[in-house]
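Some structures are shown below for you to check.
Next, two complexes with chain A in common: one pairs it with chain B, the other with chain C.
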Partner chain A sequence: MSVTQLPNAHYASLITAKNADLVGCEFDWLNSLRVKAAEGFSETGFPSPREEEWRYTNISPIEKSQFNLPTKAGAIDTRFLQNVLLDDCHHLVFVDGFYQPTLSSVIDLTEGVVVSAISEGVSEHEDLLKSLLDSVVETPALGFINFNTALFTDGAVISIEENTQIEKPIQIAFISSKEGALSIINCRNLVLAKAGSKATLIETYHGAEDSCYLSNIVTEVVVEPNANLSHNRLQAESLKAYHIGGVYSRLDNNAIFNQYNYNFGSVLSRSEVHAELGEASDCTLDGLYIAEDRQHMDNHTRVNHAQPHAVSNEFYKGIMNDRSKGVFQGRIIVALDAQKTDAKMNNRNLLLSDRAEADTKPQLEIYADDVKCAHGVTVGQLDDSAIFYLRTRGADEEMAKNMLTFAFANEMVERVKFKPLRIKILEELLKRFPQQGMKIEWL
Partner chain B sequence: MLKIENLHVSVEGKEILTGIDLEINKGEVHAIMGPNGSGKSTLSYILAGREGYEITQGRVLFNGKDLFEMSVEKRAWAGVFLAFQYPVEVPGVSNIYFLKAALNGIRKFNGLSELDAMDFISSVKGKMKELDMDEKFLYRAVNEGFSGGEKKRNEVLQMSVLEPTLCVLDETDSGLDIDALQVVAEGINRLRSPERSFVLITHYQRLLDYIKPDFVHVLAHGKVVKSGGPELALELEEQGYAWVEDKLAS
Partner chain C sequence: MSASNENLKDMIGQEYKDGFVTDIESESFPPGLNEDVIRALSAKKNEPEFLLKWRLEAYRHWLTMDHPEWSFVKFPKIDFQEISYYSAPKSMEDGPKSLDEVDPELISTYNKLGIPLEEQMRLAGVAVDAVFDSVSVATTFKDKLYEAGVIFCSFSEAVKEHPELIKQYLGTVVSQYDNFYAALNAAVFSDGSFVYIPKGVRCPMELSTYFRINAANTGQFERTLIIADEGSHVSYLEGCTAPMRDENQLHAAVVELVIMKDAEIKYSTVQNWYPGDENGVGGIYNFVTKRAECREENAKVSWTQVETGSAITWKYPSVVLKGDNSVGEFYSVALTNNYQQADTGTKMIHHGKNTSSTIISKGISAGHGQNTYRGLVKMGRKAENARNYTQCDSLLMGDQCGAHTFPYIETKNPSATIEHEASTSKISEDQLFYCMQRGISAEDAVSMIVNGFCKEVFKELPMEFAVEAQALLGISLEGSVG
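Up next, the complex of A and B:
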């Protein structure tokens, strides 16, 4: 399946040079995981467009850029930070890949709940780390995952105690500072929602304006029986940055997992959302990607119905303007035993310019016979008759187009229940498609 | 207010309007009647500025200005309003936002300030009441999933909010039951004023029982073949459109 390719010499050299003083280097089990991952990387390197799963996305600009590993966090000014942090949340802040305790705040947690950074809790939570790390990502792992495992500098470690509900969402903010230009953020997040627990996580990504860097983030998520986890991603990186972000999840019996994926930033980004579904689990994957200029946004999803009676609902929308390109590849696998599966996948694309491109590829692999699977994809343009109608009422052409585009996107934003996040996403949307006189409370 | 002179319009080489002359003064109500396919909707779209038509001859003056020189939205700002025969569904755009954006666009053009949101909403709610529309329509997407009758009421609501000076209504009566027809007709009558003119396009004369026109024109094969007073509508009702066809043939 994978096509062998020599790893880029620069990135291979980073792995061999840097292994010694990384977070958790006092643990043999972790060192050996890192060594194994490094070996994996030296065999495959980063993926090439010759691989089926990467045929629409060529990451050679990342290879050519020769990003380096950061050694410490740069400075972040308070205005920038204020804009990043959401109200009414616990905050874990990482700058250039390193946890910043002074910028973070986690208060009043219930007994037994862990919301921490790997670098802070590495000894205390060794067992938790050990049980989660590399437990959900598929093997053989993608080059980017191996690269992350071999080199991650930090990340969030979260464990929600059984039958416990965390009231406030937990925001994990990744920021690249000005000094972080030309370097790589390798962070690893490990999340465990124990049986019957309920929580909301929000990963957000930001960078200094016009700064060029690479974020390579891996999040592993385990949702135990009857737990309910909402996981949100807001990718608002600098427009010159590269972003490779993966969410790999495993749902146990009757677990509920809702993943909302919002992509605005980066010149080239790839989001990878995978879910392996246990019996009668319920998985929602929603996404929105909005690309302009020459942005390239690739969204990969993989829903593996491994057990019977699980439900999955997937809905991704893309808006591509100028010379941008949006990719959606969604794979649904229904195993032989996964009878009574109910799986839906939908991808709708809106092209705002003749030179924009949408590639969409749903893939179904169904081995069971008693299942419901539905999928649909569309690639279209704004409805001329609706534009005309709006103009006859006094909206100028640009306004009419903005209204319709905003409405197309807003269907996905409405799904975000947590208001501070919804408003943040609306702000990104309104920056691109201004609505004169729009009141956020009308939305 | 509106002067149509020798208007010829083609679509894909086929002539649909074959020389229309019509003059509408301030405060007048003109009914245009005609069989299906005679070009009534085409005329209304031409006035609103829809693309895809070739104007081969003639001109239209609106308050002395060449209408064809004005963009679609400029016409709206200047006071032209078309109530569509088939109102368009606009998914995701709420009626309230749509109305406010539209009204503010028009006010801005006319040098007026933006309306206060509260005043605006209460004024719209009052108008909805008059049209027997539930307030929940404010927050629903424009025309999406509305019944035929609800869409027509929504057109009249927009018209009463935007207060245009030239109202072109394309078969606003079709698809309405008698009660709804009465409500809609009253809504239109309330807007009648010495400053405002109406073009009522209709297939049936029953709308004219409620809204009394000053003039009636019969359109056939893209041309006004007969003009007269309100009695012409009754004559048409009795004789049917075959009578027009016969007259044309002879």
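Up next, the complex of A and C:
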């Protein structure tokens, strides 16, 4: 895309004034990486809606808000934290972009497994960082990725040893405190699932109520041959926050990667899930976005079938109420040699109000001839006859509509295998139907 | 050309010996584009003041625009200062003297398409006697149309004869500011067609550019305007199946259709410009803006296109469904072989209640061809109960080609229903084997299967066109099966 605009002066100044004590500043290789990203950012700035990939999402409110870089973590209420942390998990907790060892708990790990924060053991994990950082994100990097690379303050670093299975899921919790209002959380997560390993990751995003901030998170994932990684994302930011989140993954031969993406929070969010598939790998990308009021949710996926025999399945559902806007842009690319590819993409949208909007763009880009590729899209409203059926059984109109909407969404929630997370997602979902007597215990 | 420049000047001098000769009467403008060129062009065509003003507005706006980069086609940057924006129609004397002088490859294609000898001469630009039938045919047609009240003439003629209609409708569907190439076209368009069907008239025959005698040299910036007034009906055919050679590489045309209450326009295109040779050298860039506006209720418009030619085809015949209950249809076959590229599809923009649209797109890629379907379906806030059905199928032949699908779906009304289906497949070995086992050669079998794949679109074409289009597909695919 040749559309260029000058980078926003405020954010450009944040980069040039970058504080010398950013994590890993003792490494020359990292500093030069940051300099390169800063240069990239100064050329492009944040993307504009004139770029094809951003045509439905205008991030000018972020530019106008002039968020600042946080210097330290704010205080977190224990009750709030209790509510965020999931049972039966390892926890890595980041507040305002800084790792909080006292709030985190990682116990009984198999030897050779690393579950830590970048700031915790920079020198200890230098090789790991060096091999993963900036290795999976697309080049040339987008404005937000460059911004992240130049300024990230911390993030999780996870490496699963060969042929090892981690029993408990690993929760990476990002929290914005009250003091974190008007600041930017720049975190970078690096994940390596070595050959034959198996693990489950959960990223969660929460913020102090009605607090306005920006989360700009990049997660880079490498899944080695025969490894199996499940990656879940629950975005329940404050309803006034902005969220830009990207999961960039590379799958080696026969790898399995399942990504589940749940979006409830923030006034404007953009999630990017990219996967590059190796030979005979298997990739699932599922998502649910539920928007109300004036929320804007943009979901972007990109599956690159670079090698033959890989399978990919994508299923995203959106529910838009009030004056909200939901966007889905998916792209499947099948490279010249990727014969016998089997790729599916599906997007279903439910519009609940006259003022809501759904924009969807399912794209296929195919360069190989012996492939199976399909995409399907629907946009519509609730089925009148289904509502009528429920009403004949005594449900009032609102209840009938709620039941059907809930069922539409629940199909995606049921895909989460780990129960504490599923309950947490259901809780978020039920918040959208407060007047109804639906109880979580029934589900 | 340069060698015969002197002769040409002499000839032009002769032809104009009864008239006056001024500076602007030179046979062609030097390459370059600025306001003076546009003024000279407009003066040369004796255009009224409003049209010149309109052209200049377009040009000034064009200067502020960037070249669009979002498409999926690749080509070297075009230098708009290297193009000559006016050249007089070529004299008949300049062309080949007989069919013997024409490229034999071209002749053999004509024969395969079953084009009569006289037509072959006309197409190849062979100088023929004025007695030649196409002129007389056209005259008979003109009388018949005149009786019905239909206006069908070249754009320049319409500007002179019916300036009030031009003033009323020009640029109301595709404005002079619309997009990069539409603005350029508005600034420098040379000629084109104009059709007006009065209230309640059903056009007695299918209108075709083919029969408009001066259609051959409308140049690279063509502009078509068709108005179907209340309750009228017209079927319009553009282009022809025979391959056309042209030395202008860039073709940026604009087509505007206005459809009033209860009226219907059926617009069929068969495009077979020179696609370049098998190594992708040369070939036409076909960048067209086509848009129809269903202004009032129950209006209907149907685009049918068969795109087999051009090195690059880049166009999206669109429909704005403003009137309630109006209907838009789009049927397309786009074929890319060798190094051809196509980025084509449609836009259906629903504003009225109960509007409906259908999109059937068939893309065929062979050789190194890249074929992209890009379509927009937009349901406005007031488009109650609007419906859309989209089906886009791609057929891949060979492992070096590409087929891409980029649908855009934007909905602001919950009662709108949108269905989108897409599939990508290749010609199966089984199908080929079955045909060959029955004595059909591989090439014929492929052509047969491809024609079956495109049947849904071909059945929308007028009868003779459909037959020719089938033959055309076969020829365009020649050499794509090893």
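Methods note: the second predicted complex is superposed on the first by the 431 of 443 C-alpha atoms of A that agree within 3 Å, B and C clash if a C-alpha of one lies under 4 Å from a C-alpha of the other, contacts with A are read in each partner's own complex, and residues count from 1 in each chain.
One rule holds in what follows: contacts are C-beta pairs under 8 Å (C-beta built on N, C-alpha and C of every residue); 3 or more make two chains touch, one makes a residue touch a chain.
Not measured: the values here are computed from a predicted model.
A:V311 in the overlay: touching chain B, chain C, both, or neither? Say first, second, both or neither.
Touch partners of A:V311: none, neither chain B nor chain C.
For A:L142, using the defined touch cut-off, is the partner it touches chain B, chain C, both, or neither? Pick first, second, both or neither.
After superposing on A, A:L142 lies clear of both chain B and chain C.
Look at A:I256 in the shared chain and tell me whether it touches chain B only, chain C only, both, or neither; answer first, second, both or neither.
neither
Can A:A407 be said to touch chain B (first), chain C (second), both, or neither?
After superposing on A, A:A407 lies in contact with chain B but is clear of chain C.
For the overlaid complexes, name the partner, chain B or chain C, with more touching residues on chain A.
The larger set of chain A residues in touch belongs to C.
With both complexes overlaid on chain A, does A:R393 touch chain B (first), chain C (second), both or neither?
Touch status of A:R393: first partner only.
Go through the superposed model and pick first if A:L22 touches only chain B, second if only chain C, both, or neither.
Neither partner.
Taking the superposition as given, does A:L351 touch the first partner, chain B, the second, chain C, both, or neither?
A:L351 contacts chain C only, not chain B.
Is A:G380 in contact with chain B, with chain C, with both, or with neither (first, second, both, neither)?
In the superposition, A:G380 touches chain C alone.
Please report the chain A residues shared by its interface with chain B and its interface with chain C.
In the superposed arrangement, which is not itself an observed complex, chain A uses no residue for both chain B and chain C.
Using the touch definition up top, name the residues of chain C that touch chain A in the complex.
Those in contact with chain A are residues 66, 69-70, 379, 381, 394, 396-424, 426.
Taking the touch rule as given, give the residues of chain A at its contact with chain C in the complex, in rising order.
Answer in residue numbers: 1-3, 52, 336, 339, 349, 351-381.
Would you mind writing out the residues of chain A in touch with chain B in their complex?
Residue positions touching the partner: 383-386, 388-397, 399, 403-404, 406-408, 410-411, 435-439, 442.
In the complex, go through chain B and note every residue touching chain A.
Those residues of chain B that touch chain A are 48-51, 71-73, 75-77, 81-82, 84, 87-94, 96-98, 100-106, 109, 114, 117, 139, 141, 158, 162.
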